[in-house]
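Beneath this line is the structure, given in structure tokens, with notes to follow.
Chain IDs A, B, C and D follow the sequence of writing; residue 1 opens each chain.
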Amino acid sequence: MAAKQAIALVAGVGPGTGAAIAKKFASLYNVVLLARTPNSYEATVKEINESGGTAIGFPADVRDEVSIKNVFEQVTKEFPDKPVAAAIYNVGGVFIRKPFLEQSVEGFKLGYETSVLGAFIFAQAALPHLISAARSSLSHPPSLFFTGATAAVKGSPYLQSFSPGKYALRSLTQSLAKEFGPEGVHVSHFIIDGVIDTPKTKEWLKDAPEGSKIDPAAIADTYWAVHQQPRTTWTWELDIRPYVEKW
Amino acid sequence: MAAKQAIALVAGVGPGTGAAIAKKFASLYNVVLLARTPNSYEATVKEINESGGTAIGFPADVRDEVSIKNVFEQVTKEFPDKPVAAAIYNVGGVFIRKPFLEQSVEGFKLGYETSVLGAFIFAQAALPHLISAARSSLSHPPSLFFTGATAAVKGSPYLQSFSPGKYALRSLTQSLAKEFGPEGVHVSHFIIDGVIDTPKTKEWLKDAPEGSKIDPAAIADTYWAVHQQPRTTWTWELDIRPYVEKW
Amino acid sequence: MAAKQAIALVAGVGPGTGAAIAKKFASLYNVVLLARTPNSYEATVKEINESGGTAIGFPADVRDEVSIKNVFEQVTKEFPDKPVAAAIYNVGGVFIRKPFLEQSVEGFKLGYETSVLGAFIFAQAALPHLISAARSSLSHPPSLFFTGATAAVKGSPYLQSFSPGKYALRSLTQSLAKEFGPEGVHVSHFIIDGVIDTPKTKEWLKDAPEGSKIDPAAIADTYWAVHQQPRTTWTWELDIRPYVEKW
Amino acid sequence: MAAKQAIALVAGVGPGTGAAIAKKFASLYNVVLLARTPNSYEATVKEINESGGTAIGFPADVRDEVSIKNVFEQVTKEFPDKPVAAAIYNVGGVFIRKPFLEQSVEGFKLGYETSVLGAFIFAQAALPHLISAARSSLSHPPSLFFTGATAAVKGSPYLQSFSPGKYALRSLTQSLAKEFGPEGVHVSHFIIDGVIDTPKTKEWLKDAPEGSKIDPAAIADTYWAVHQQPRTTWTWELDIRPYVEKW
């Protein structure tokens, strides 16, 4: 099958949300998958290519500016002259849950670096491509999406290495939406509130009612719906949770 | 064309968002349109019926409990045994913008009654039907949607007859989402931030960049996308604004 | 003891927060206490007068515009030529906690009327006096304070007759702060989050750690501290909760 | 004059808010002033000591864990057996305002490090002392206060190196309030919204109405009022702005 006319990048692809988003966006775009280690994205790359889509993966650490710039250069070589229609930052904040007084400076920095420093680096690499894409005639406005969490709007004990980074990410996305909206780039922040149904969470919530975990494919459908919004009618932020979630 | 298998009600149908939502939901449902006066919905009813859908309209004042209960009874007679798949409260708060000290008690009440008292009455009439629908096998979870405004999250001078009602509505929708989510009813609140492109606003923002007004059809697409979310993956709240909006 | 040079009005005086605020403000002002029935304020009026302050009470229903206007007229007669230094709306929202589908329209309106309609009426009667006081040479800027609740920022199941009114009140206070701040009137909103220690709550939280209830006298100290802020340095909103409160 | 019975530390002391807070808290406590360079605090230390208080200063970079731990060790030696009654993080976020695509990774990190990493390090050093003080019989509960900014609740274009750090700080303070409130430590976050009247801002807002800048001494009074709250009646967050501020 012929390659698609534009590119979607997804950073933070494991077997859950990232894979689902990549598969969804592969219906219209060539997808580029980023993860720290290839085994996080290899199965998804294979699945997309085998089902008629076009996907490639790159190992990259979003905290490493050089690494991310290299990826964008390679993408440009791989898909010359194709605009970037979507760049999605889905990197889960890595963090260490523990009492505040037992947290190390390194542990505290970890959440910041994976949640928001990586987002900064990714956004800076992606935006010139997205701004340029906004001037081409794509079917949907180019999108810069960020996956957030409940911890972006609520601080909790023991989550000092997670929540501040997610608050910071939320703030960054709002700054970006205000700065780059008028340039035609659609910036959105998705607050995922609940347990996502992935291999890792298979044994969680065993006693909860059926459907208590968020479906990654349905998250991907929502990202896709937001991506399809015309520039007159953009969503910056929405929340997503299961019907039985307490909040 | 045969009638559809379920019903969608839209309260607050004029030539803008309400009409667009009705037309969108008419692709899958028999639609019932409510407005205070028939001339608000007649053109849309006609358009839907002529293009192969099924629509009826009822004049009703959402502030009048009896009036709204009557509508639901008539709907039940009109479409016997059909579940209610969606009930959408799109009534724009009526209000009077003026200095606080010139505002009358009646003017202050007006915003409250149209924004949130009407929503209370509409929700109470709709929920038994929606809960019942949640136990049937509809393609999408039954939805109870409310159209809100920026004034739901930001108080402003001269808007005392508008903003408190919108804050109250937002609160009501959160209470309802928490109470009826576990019963399978999807409750959402849409914050519309900007000028909607309707006949009434035709002359507004003449000097603004192209695309500075929100497209009602795109709002309807977003409502539809949220309606399609499975119960594992529900959005309670999202905002919608044009790419050039200052916020 | 000679009467003080200015007046403070407190609406919603029972044996808890209202009484404590009245006693605190009586140290500098003649205080006027409002409640629906005189037995709510009589003990406090007596206590203030016996301890060298000046207090009078008026029965008034804040939902009744005429009743409130009468009070302000009588106050003007009682204390001729004295400016109004503070007007404090401390009326607890009256509401009925129950499942949404069992709530009546009257029950729903009750919370609205006591929380926000009364605040509207009280503010309209008080503001001309406060604006006028802002031009006199009082020691502290005239203040218009409102007691709010957690329900002003969080919707919950079964609280549909309470929370929307508190959201609306919060919005109203923000509108007022923005409109009347520049005129020299200090408008504030106090979010009380927790059980207040009053005769009514004597038996509550029996098994909780010592100090689990909010001290009305300490609330009054906080209101007083905010009242003392100069106009360069005003607080619109703060929260108050016990050290052990979960939130 | 004899040294006071407890200690207050203020990190981030220049000629504005930090100095005012230090002078205010010096009325009851021995105060310890921290700044990166001694010339930031020397005048204030001198002024406090000359007016009968007790003050010492230490140069320290809040981003440097070792430096901050050293300060606390020295403080313990300087004032043996005296509890820490207050620790106030008043470090203004250092940041570089510029278009997002011109911002460097270092510039982005700068705001984070000064706003929130420093706060983390300071809080970790202070909390063991504050928890211990909560078990002694001080007149007021030990306090851990943080100075925030409007940018803590609102993202803006060109402020990507400032606002995310302030959001993160706000989140951190909420986590800390929830974790250490029950241990008797009062954690608060002050949102300063407006220009503070300092030597640096002397020429700003020249054409604005009188009183358009926030008075540092009045900020200090507010911090002091919050410090005096008993543990039954604590404020976590409040905002502060001039009466004419637009918001």
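Note that a contact is a pair of C-beta atoms (placed from the backbone, for glycine too) under 8 Å apart; a residue touches a chain by one contact, two chains touch by 3 or more.
What you are looking at is a predicted structure, and each value in this text was computed from that prediction instead of being measured.
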Going by the contact rule set out at the top, which chains touch both chain C and chain D? none
Outermost chain relative to chain B, judged by CA means, is D
Please compute the C-alpha centroid of chain B, do the same for chain D, then give the distance between them in whole Å. 46
Nearest whole angstrom, what separates the Cα centre of chain A from the Cα centre of chain D? 35
Multi-chain contacts in chain A, i.e. residues touching at least two other chains, fall at 178
Note which residues of chain C are touching chain B in the complex, please. 65, 99-101, 103, 105, 108-109, 112, 116-117, 120-121, 123-124, 127-128, 151, 154-160, 163-180
So in the complex, which bits of chain D are touching chain C? 141, 178, 181-182, 184, 186, 197, 209, 211-215, 218-219, 221-222, 225-226, 228-247
